[in-house]
Each structure stands twice: as C-alpha cells, then as structure tokens.
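Labels A, B, C and D are assigned to the chains in the order they are written; within every chain, residues are numbered from 1.
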Amino acid sequence: MDFNLSDLQRMLLDSAERFIGDHYSLEHRRALRDTADGIDHSAWQTFAELGWLAILVPEELGGLGGAMTDVAVLAGALGNRCVREPFTGTAVLAATILAGAQSAQDAVVESLVAGQARIALAHDEPGERYADSAPRHSALVAGGPGFVLSGQKMMVLDGPTATHFIVTAQGPEGLTLVLVEDGADGVARSDYALYDDSRASDLTLSGVTVGAGQILATGEAAQALLSLALDRARVTLAAQSVGSMEAELEICSAYLKERQQFGHPIGKFQALQHIMADMFVATHQARSMLYFALSRLEQPASVRERAVALARVHIAEAAQLVSRQSIQLHGGYGVTDEYEVSHHYRRQLVLEKQFGDIGFSLARASA
Amino acid sequence: MDLAIDRELDDFRAMVREAIAEMLPPRIAELQKAHGGINSGHAETLEWTRILNERGWSVPHWPAEYGGTGWSPMQLYVFNDEASKAWAPDTCWGATHMCGPVIYTFGSDAQKETFLTAFREGRYFLAQGFSEPGNGSDLARLRTAARREGDRYIVNGQKIWTGGAFASEWGFFLVRTNPDVKPQAGISFLMIKLDSPGVTIRRIPQINGDADLCEVFLDNVEVPAENLIGEEGMGWTYAKFLLDHERTTSSFIFYNKRELARAKALAAAELIDGKPAAEHPEFRSRITRLEAEVTALEWSVLRELANEEFKYDRTAAASTLKVVGSRLQQAVTELQVDLLGPRALRFHAFEPEDRVDAGPLWPTHAEGRTANALIARASTIYGGTLQVQKGIISKLAFGL
Amino acid sequence: MDFNLSDLQRMLLDSAERFIGDHYSLEHRRALRDTADGIDHSAWQTFAELGWLAILVPEELGGLGGAMTDVAVLAGALGNRCVREPFTGTAVLAATILAGAQSAQDAVVESLVAGQARIALAHDEPGERYADSAPRHSALVAGGPGFVLSGQKMMVLDGPTATHFIVTAQGPEGLTLVLVEDGADGVARSDYALYDDSRASDLTLSGVTVGAGQILATGEAAQALLSLALDRARVTLAAQSVGSMEAELEICSAYLKERQQFGHPIGKFQALQHIMADMFVATHQARSMLYFALSRLEQPASVRERAVALARVHIAEAAQLVSRQSIQLHGGYGVTDEYEVSHHYRRQLVLEKQFGDIGFSLARASA
Amino acid sequence: MDLAIDRELDDFRAMVREAIAEMLPPRIAELQKAHGGINSGHAETLEWTRILNERGWSVPHWPAEYGGTGWSPMQLYVFNDEASKAWAPDTCWGATHMCGPVIYTFGSDAQKETFLTAFREGRYFLAQGFSEPGNGSDLARLRTAARREGDRYIVNGQKIWTGGAFASEWGFFLVRTNPDVKPQAGISFLMIKLDSPGVTIRRIPQINGDADLCEVFLDNVEVPAENLIGEEGMGWTYAKFLLDHERTTSSFIFYNKRELARAKALAAAELIDGKPAAEHPEFRSRITRLEAEVTALEWSVLRELANEEFKYDRTAAASTLKVVGSRLQQAVTELQVDLLGPRALRFHAFEPEDRVDAGPLWPTHAEGRTANALIARASTIYGGTLQVQKGIISKLAFGL
C-alpha cells in the first residue's frame, strides 16, 4: 500500500493548488455569486486546459484514463477553497455514464473534455428524497421517429449552466438514461441558488423528442451505471469535504494565534486548544475513511455501495464537527459572510445533502 | 414542594391567548412564522408593540408606575409562551428588556419621560452598542471613548454586532469616559441618536443572507451630556445589572418550544420513502431526546421563576439556561434542516424585495428553516460564548 | 409552584443526610459487600424507625400517607452515598401494590413498615427484557384448596433478602399479582451479586400453593397497579441517580482543588473546569427533569408513562456523562475500588438498567 | 497512491492463520475470550509466548539478530490481527514491546543475553514501574530515588499502576539517580528483581473486580549496579524512545476490531421483544457508526504503517490513534453492555477460585462483558490522559 502521491498526482495537486489558490479568493467567490449563473466560465476553461475534466474519460475517448484516486486528489484542492463549479456532476458523474453508455457519445465527451459541454444529472422527482432506484414517474415512450420523454425533475444540481441533462426515466426496458440537450423543445427550466451559492434547477419535460442515439443505457445496465456514477460522485463530494476540513484547520489555527481576547491570543486557552485537537482528530479520521472508500470503488457493487455509504456518514459527521467548531472559534465573525469559515460551513452542508444525506447513507450502510 | 401549576394560571392563559388572537394581525404572524428568526421585521415589531400598548401590555414586566401590568413571574411566563405560540414577534428587546430597566432604575425623571414612553409606545427601534471589534466576550476592554467637553460628550470609536442599527432611531452605548482608572470603572452608559453627524452604519452580511447586525462607526459624534444615564463611570455596573436582570431570557425557552413543535409538524409532513419522517427511527429518537431536553429546560426555567432555594450561586444556574438554550436552538433548527433533506439547500432571500415565489413544487414550510439554522450558530457566541459560560459555571459553582 | 422543601421534607432530608452521612462511609459499604446477603440489617431497622419505609403507606394502614415528592427527597440522599438497601423494591414498588391490593394486606404492610418484611417483585422471565405487559409464562391455575403457581423468574432484585415476593403470573383472569413468602414450599432461589454490590435472585416456582388472600390484583386492575408501581419505582431510581450525580459534583470539585499535577491543582486547567461545567449543566437539567416526572405521576397512565420514560432517558444519559467524567477527572484512581467515583459509576449503571434501560425508555417515550 | 492490499499479504495471512490455529491451545483461547480484557492470565500469556518461541515468532518485531522474524510492518500487522481474531493473548507487553527494545538498543551484551533471552522465551512476567502516586501524567516529577553506593543502588520510593507486579519476577523502573539536575536529566532506567528484600507489592482492587494493577513499595531495596540499562541519567530518553517506538499500538486496533465483531455477534443473539437486537434501529445505528469509526481507525493505522508523508508532526497522528482507539474501547464495550440489557448487571468474579457457574439461564456470552467495559474507562487515562493527548495534538500540529 502506498498513500503517497505518484509523480503525476503530485503534479496534478501542485497545479491545482496553485491555480485554485491564486484564483479562488473569498472576494472572487463572493463576486461570482452575484453573476447570473454563478459559475466562472473562464476558470472552467482552465479546468479543461489543465485536463481536470478528462481525468476519468478513457484514453480512447480522448481522456486521461485516470483513476478515482486522482479525482480525489483534485477534489481535495477544490474543497480547500469551496470551489463550487460543476466539476462533480460533469467530470465525474456524467463522464462515468457517458464512458459506459451503450451508444457511442464521442462528440459529447469530446465537448465535455474541451470544457464546452457541462452535463447535469436530472434524477430526483417531486415527492422523492434520494430515491436511488425507485421506478421513475418520468416516462420515455415510443413516439414519432423514436421516443418521447415527459416528466418533472427537481433539484438538478448545476442545472442553470448545463448544456445537457442525463435524465432518468421509466422506459420500455425499465430504467433508462437519456441524454437531453438544454434548450431542446419541451425542456423548461426553473433556476435557483443553493446556500453555498451554487445553482440548481427544476425541469419540466413535455414531450421531448428523443432519438435512439440519446439513449445511454437501459434496464439493469442503466441501474448499474447510475449506481456506479453516483457512488463515484459521492466519493468526490466526500473528498471535497475532507479538503474543506483540512483548510479549516489552517484557517482556525492561524486565527487562534492572531486574535487577542482577555489580553492573550485566544489560542492560549486550553479549551480552544482542545477544540482544535478534536477537529484534527476528526479530519485525520475522515481522510482515512476517504482512503477506505476509494479502495472499495472497484469492488462488487454491494461492497462498494456499503463502503461509500459508511464513508459518507463518517465524513459528513466529521465535517459537521469541524465546520461548527470553526465558526465557534471565530466568535461573531464566524457567522458573517465576510469570513471563510461561514462559506465552508455552507459548502459542507451542501456536500452532505447531495446524492444522499447522513440519514440516507446511514440506512444504506446499516442494511 | 408543590409541582402542580396553579389552576388560576390556566384561566390567565386562556385569557391572554384569546386576547392575543384578537390583537395580532395575521400578516405579522405570517411574517414571523416564515421569517421565524428571533425577530420579525423592525416595522412589524413596532406595530405589534403599539397594538400591545393600546391594551397596556407592551411592557408587562416593568413596574406598574412605568406601565407594567403587575403580573407575577409565572403570569409573564404564560403571556410570553402564548405570544410565542401565536407567532407574535417580540417587542424591541433592547428597548423593553435592556435599556428600559436601566433607565427606570437609574435614569433621571426627564430621561424616564423621554425614553420610557417611547419604548413603551413602540415609537422607534433601539440599537445596542456594547461589543467592539477587539473585544467580543471581553467587555471591560472596550475602547470607544467619550470625552466630556462642556455640556456634551465627543464620542469616537467603533461598535459591532449592533442588531438592527440601520433601522434604529436611537442606540444605548457603553463608552469609556475615563481612561485613567481601572478598566471597569471608566465606562459610562450613553444614549446616542443614530442620525447624529459622525455616525456611520454598515450592515454586515451574514451567513444566512440576512444583514441585520451592523457595525457602527462613531467619528467625533457630539452627544448632549443629558444623554448620560445615571452616573459617569457606572456603565459597567448598569450593564451587569441589565444582564442579571433577566435570568431566564437566555434559555430561549419559548423559541425552543415553538421550533420543536415546528420540527414535529415538519416530521409529520415530510415523506421519506413514502413514510412520514416522524416514523423513521433516527428522526424519532432525535425528536424524543430534544423533547426531553426542552422539557428539562422549561422546568429549569420554572425553578428559577419560582425562586427555588439553590445551593449554588444563582448566576451558575442562569449560565446553565444559556448553555442548554443555545445548544437547543442549534439542535432544533438543524433537525428541521435535516427533516427537509435536499430541499433545505435552496436559498431564500431575506429582503422582501428579493424574495421570489418558489413555485408549486416547493412547500412554503421549507422556506426560512435553513436561514434560521445557519444564524443559530451564533447562539453559542453572543451574550458570552459557550466557553465563557462554562468558565462562569466552574468558577461560581465550584470556585475553580 | 414551589420547589422548596416543606418543613416536613426538610426534616426528612436533614435526618436522612445525617444518618446516611454518618453511617454509609465508603469503608462501611465495602465491608457490607463481603457479608452473606449484602444488606445492612441494623440500618434497615433505622430506616423503619425514621419512618422511611412508611412514606407511601396510607395512614389507614399505619403509614405516613406521604407523596412521591417525599420519596424523591429521601431517594436523593440515598443516591448521594450509593445506598443500595432494598428501599425502592420494598418501600415504593411493593408498598404501592400492597396499598392498592384487592385483598387487605394489613399484616404484611405492618410488617413492612416495621422493617421486618422486605418484598421483591418477581416479574422478568427467561428470554425477556423489560417485558412490561407481555403475557406471563408463569402460570397460576386452580388447584388444591385455592391455586397453584409455577414458573421461572430472573433478576429478582434484592431477592436474597426478601421475605416475600410479588410474583406476576398468568391467571384465570389474565395478569395476576401474587404474594408469595420466601421459603414457601416449591420456591427455590439462586442468588448472585450485581456490579453495585446489591444482590438479585433467579426464582423457580414449582407448584407453589396460593390462597385467595395472596392474590393482590387480577386483570386490568393488576396491569394498572403494576404499571403505577413500576413508574413510581422508576422515578425513585431516577431520584437516586440525581442524588448520585450531585454527590459526584462535590467529590470531583474537591478533588480538582486538592490533586496536584504539573505543579498546579488540576482544577486550574481550563479543560477540566469545562468538564465540571458540563457536569453541572447535566445535573441541573436532570433535577429539573425529575421534577417534571414527579409532576406527572398523578396524571392519567398514558401521560404518566410517557413522562417517566422521557425522564428516564434524559436522566440516565446525564448520569452517564457525569459518572464517566467523574472517573476521567480522577485519573487512575477513578477506576479503583478505593475511590467513591467508581462506586457511583457502578451504581448509576445498575440504576439505569433496572425496570427498563435507556433503549426501553426511549422506545416508550417515542411511541 | 495505491490503496490495494498486496496479494502476497493474503497468502501470508492464510499461512499465519493456519499456524496460529495449530499452535494455540483451545483452553488459552477460551480463557482469553471469556476474560477478554487486554490480557489473559499471566501463566497463559507465558505459555503462549513459549509456544510462539518454538516457532521463532514470540518477538517477531525485534531485529532478526535478537530473535525477530524480519516481517514487514504490514506482515506484523496481519500477524497481530490474526492472533487477535483467534483469541490468542498478547505476549507480556512490558517485556516484548517496552523493555525489550530498550535493552536491545541501549543495553550491554550481558544484559541482552540475560533479559532478551528470558523475554523471548516467556520465562517470566515483567512489570513496569513508571507512574508514582503523585504524578499520573507527569513523569518528569517522579520521586523514587536510587542512591549509588559502590556497586549497587539503594532504591526508595513508591510506584503505582504496575500491572501484574504480584505475578512478575522482574520489573523495569524509572528512578531518580540525581536529584540535583533538571527533572528529566536525573532519571535512570533500572531492572529490579521483585523478590528483593524491601519490595512490597499491594494489589489494587479495581472497578471491575479484578486486581491486576499494583502498588510497589521500595524500601531500601539493594539493586546491583549492573542492572542499570544504558547510561545513568538517560532514563527519560529511553522512556520516550520506548513510547515513540510503537506509534500504532495505542490505537488498540485489533482489540477494537475483535470486540466490535463480538458486539455484532451479541446483537444477533440477544433478543428484544422477540427480535434480535441487531434489528432494532438504535442498536443498528450505533453499530454502523462504530464500524465506520473502527474502519477509519484501521486506515489511520495503515497510513502510519505505510509511512505516509504527513504534513503535520507524526506524534500528533500517533496521539490521534490513541484518542480514537481509547474512545472506541469504551464505546464498543459499552455497546456490549447495553446489548445485554439487565443481564449485564450480574457480577462475575475475576479470580478463578471465586468464579461460579452462572447456571442454565445465563448465556456464557454475558460473562466478562461488563467487567471489560468498566476497566475500559481507564483507556482514556493511562499512557497519557485524553486531555494530555489533546494538548500534544494542539501543540505539535498547530503550535498552540
């Protein structure tokens, strides 16, 4: 076993830390929030140029053919600065599904790798909560030259900036994954912001025409592919969460040395030292748990799913401890929008509740 | 020992409940319910104060000569409980619960006439200027200076966490009038009109999208000497007086009861895998444990109100209420967030002009819950952090 | 409302604190452990003389006609010193059942008040865990001049020193409470110690002859009486638990001032001060919860049962926090038999698991 | 980064598993399982050491020249994991993991010959005399004095928490040989034979009915100067060496894995309302969360064994293992107690002669669980309390 970065991973991390560190200042992120769609289009191009969007894309499709450990290295750096660009949805979730699709998706994949296509999963439906595998109300039925897709989707993460959606629907052969372009006839979007300043959409699909080439997977294959893609996405979220915790350790320990109260740097108070120690322990354990989950990703689905669920519970609870205490250590400043820790807090909340929250993961891990 | 509630209180409760139902405009109740933080909007707070004042109930806890009702502590408790349940906002806390008692206890007749009447009648919002950027939990080190020049003070300095200052006409401030004595002895209690030249107010954007807390910059602000409350140099004593004055407030018991009830309603309404969240064992256990903690807190408050003989320093008990009350504000609002699941992630703007209808897929009960939970992180910080409270307890209860 | 002691309660508490304080030193309790049956027979006589066994007995039966608030005052003092005499079983549980019995039990009650009769509830059966109301395998059937009782009972608390047992059995009219003398033909006892040095027994009942006068209650009346008696017993245990916590606050704060480490009394360390504060908060809240439960004891059974269950969960979890931290604050000495805190820890464990543990109470309070 | 376990390790695991199954007497495994604390009986520990020694495995982690196996850290890990799963006892920890490494690193050839051989062959139990009544977590203040007189030391003082001293032939002690230098510099490392005149041993009754920990009184005990290990005044350095020597030991990872597995077995066997406890949601969640924590701890240990490059001071990571490992020992054994419900309350004697058969109504799986949970309260105390560990972390990781 080797927990140290390979040379390639070291290069990836160095470039990521450099670019993200330079680019994603708190001020920049706060300014981005006030733009129409919330994402940094020029940075996204840089993501593409640095090869980040191509990590999981197979070499034969023009990608790097990398591994989830590489993604986790990068995701940690993204988490360090609460970077909320649609990386997970596009470069992990969609890339996994497209690479495993029954119909060749070379053009879309090429566009994804180039930073042009951004692809969001449209799965949850009204009244549902993390319904991993339930039958869909959205329906794909034969019609016209091919098929017709209708239904309603909620909380499509990063929906406003997506060029395509991967829509889950109930088709003739069971669960079906359908690639739909944004702006296609019959696709209506209602956009909103989330508390971490990322965006999401509700989608209404009204008789959207679908050709055979847009069908990515059906039946058991669709189920398996969706499940794998979601688990990879969950681990990517967990890696960002660990990155966020690690950044909070630095932010808080620096603050404790600088902030004076009762005539001393507050870091002299044993009670606060012990809070920092608790945060350190939680973060260290969380990173270990991330490695565990990564080590199980290639194993059979049941092993993988349980490991990912276990890791998500553990890492999310550690993140709660760390992000809560980070605010507490900052006193009143911690609950302002002007300090990093409040952004980490909100980002951690969003990371926890995407693709299954603690309760969902706990039930899944206990099954 | 008599642990039963007086029958007479039940009648009183019925009476105030009915009166509040009659008086409270549904519009204000709905705003309070949606907004649901500690306070509704400032205008609505004042409107509700004026309505209460018409019935003589806007400052029920004050001495009768200043407009109080003469209710017993238990009656006050019942009144506040009922008002909270009905989604009435509080009155302006700084005015009716902090500055008011200082003025009727230590102020001159003229000050009583000027300020107490205005507070009672809800004429304006009042801001509290205690904390400074350099001293969160360490009030004695405050640096905002008021230099006496003839019949006025020249005030220079900076205050922070001044809630609602942008919407306030006046503020009550702790200022240093004498830099040459030991820190606690040089502090005075000053009323400052916030439209005075030299006062600049900056709203601080908060974690939850609101910006109620402010920074107040005081740059050569001239304040008439008659705005000094009580004696010069006694500000520290008055501040301690007002903090001691309300031993049970920091329990946020009414808030905690109301928000737990709201969480239970959410648990009944939100479905997970087609079943109400209330039937899911994890949520059920969480709710039960929180209900136990809220119940214990309520009985801790009752012990204080009933003046239980207490072996330890009473301030240690008051800090206990604060420790538990603040922990509960966080736990109960986080429970609400978790009950909403992914729907809790949607941002809802605070300013009325920025609010949008979330559309048919979004239940109104989702709005405001996360904003509340986010700002509840401050409950273990303001008014003496959790760590400060624990220090008080270990010192006063055990002499450590 | 009035949380202060009445004059009578003040007298009760003063005499209790004086007697218990003088008598139940740690050395004495450790010596008692090595006696055959573990109880202090002469102290038990003093209990009787001081009227403690008569508190809940109605005046017409020769008792004091007191209230559960009085019992709670005394139980707090017992808890202060981990007194493990069979007070709860005899003076609360049995006294409640006997006072509510359908057949007059004047002689037994008189004997109980005099400190002669000690009466233990024999309810749990093999394979059960806190089966509050399930049908009994132990059976009471017509036979001989009256009835015959057979069955097996486990974990009969204070069994070895009981003069009588109140046995729950399935009779012709449903649940039946039967008074059986120790040593009656067909009663066989197997005795053992618990971790707080109190004792318990398993009972085998083989065709024990029962007369009509031994039938204390049947059917719904039996159910109601047993439920009331158990809830009173649970509150008595909770009151002892609070008393134990309050004693631990004193023991630990004194120890922190006395014990030197790294050149200071360890009470100078902020981390330990904050642990003491946590213990204070938990104990204060626990006493409030006790008052809540006491205030609900006279209300309808469903209200009473839920309140008692809620209080049991809350107080037991507070007791865990306090008793665990008490050991931690004592360092290595905390886990020796020679320091008070290890005895409080064990006593709290036993208090938590009698007549329903945290899990049982949580399920009951959540129903 | 390579997170897969080497295939070769699987073969090694199968090999040691089979070997242990062949070697371990069922009687010893059963005692360890029932007793189930950190160590089985002293006689059985020595017997198992002798059996292992026959195969050359009693001190596998030692350098090969002193009898070690040359296994890699990961192989040692697998071996210990398998031994734990098979209910093998540890060898005498003080001898094989503490004193042994000090002697083979700093001892003379004669000392190596005398002691290392004895330790490796399991000839006697060895006691550790570090702590004193006045200094739990504060070793530098130790007061037991060794005065040099010619070719011997005269030792006076008192040690405490000396595990198994009553059953030990020798002990390794920290003693003060020079009172006139700064505290750390005056300490030496001395082997003392426990049947020496002037040595009195008192067993300390514990919370769980056992009495393994002892007080050792040293009253003018004469110790040959040749029993000094290494140099005079270097005891502090050696003690730190041996504490640093095993960075992952304090995780108790094998214990925690094994006892969690036992808890799961209990959860399957114990019925509540006719259903296995494992199906009750509260227990299920507790088990899942503990499984997550144990898993994370195991991976934290693996990171350490694989020598991960680490941004922070490695000692902070070692303290993390201790914090989590000790918390888990408590949580897992308390889970076992709660799974047993009221049956956990029954006392079971520790001394073989006092033990009684609990009878047909009592499952043997109940015996020993509560005793284990009670003594697990010490896991956050010995070897540096939880508070000391947190202090180390905040200092070494953050410079606070």
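The rule we apply is simple: contacts are C-beta pairs under 8 Å (C-beta built on N, C-alpha and C of every residue); 3 or more make two chains touch, one makes a residue touch a chain.
This is a predicted model, so every value here is computed, not measured.
A.B. asks: When the contacting C-beta pairs are counted for B-D and for C-D, which pair yields the higher total?
C.D. replies: Looking at B-D and C-D side by side, C-D shows more C-beta contacts.
A.B. asks: Among the chains, which is located farthest from chain A on the basis of C-alpha centroids?
C.D. replies: Chain C.
A.B. asks: Based only on mean CA positions, could you tell me how far chain B sits from chain D in angstrom?
C.D. replies: Measuring from centre to centre gives 53 Å for this pair.
A.B. asks: Cα centroid separation between chain A and chain B, in whole Å?
C.D. replies: 38
A.B. asks: Quick check: what residues of chain D touch more than one other chain, meaning two or more?
C.D. replies: 282, 285, 387, 390
A.B. asks: Which positions in chain A touch two or more other chains at once?
C.D. replies: In chain A, the residues touching two or more other chains are 269-272, 274, 362.
A.B. asks: Could you list, by residue number, the parts of chain D that touch chain A in their complex?
C.D. replies: Against chain A, the touching part of chain D is residues 1-6, 74, 284-285, 287-289, 291-293, 295-300, 302-303, 306, 308-309, 312, 316-317, 320, 323-324, 387, 389-391, 393-395, 397-400.
A.B. asks: Looking at the complex, which residues from chain A come into contact with chain B?
C.D. replies: Spelled out, the residues of chain A in touch with chain B are 124, 126-127, 129-131, 152, 154-155, 190, 192-197, 200, 202, 260-263, 269, 271-272, 324, 327-328, 331-332, 334-338, 342, 345-346, 349-350, 353-354, 357-359, 362-363.
A.B. asks: Taking the touch rule as given, give the residues of chain A at its contact with chain D in the complex, in rising order.
C.D. replies: My answer: residues 1-6, 9, 69, 73, 249, 253, 256-257, 267-268, 270, 272-274, 276-278, 280-281, 284-286, 288-289, 291-292, 294-295, 310-311, 313-314, 317, 362, 365-366.
A.B. asks: Could you pull out which chain B residues touch chain D in their complex?
C.D. replies: 281-282, 285
A.B. asks: Please output the residues of chain B touching chain A within their complex, sorted ascending.
C.D. replies: 131, 134-138, 141, 160-161, 204-208, 213, 270-273, 280, 282-283, 330, 337-338, 341-347, 356, 358-359, 361, 370, 374-375, 377-378, 380-382, 385-387, 390
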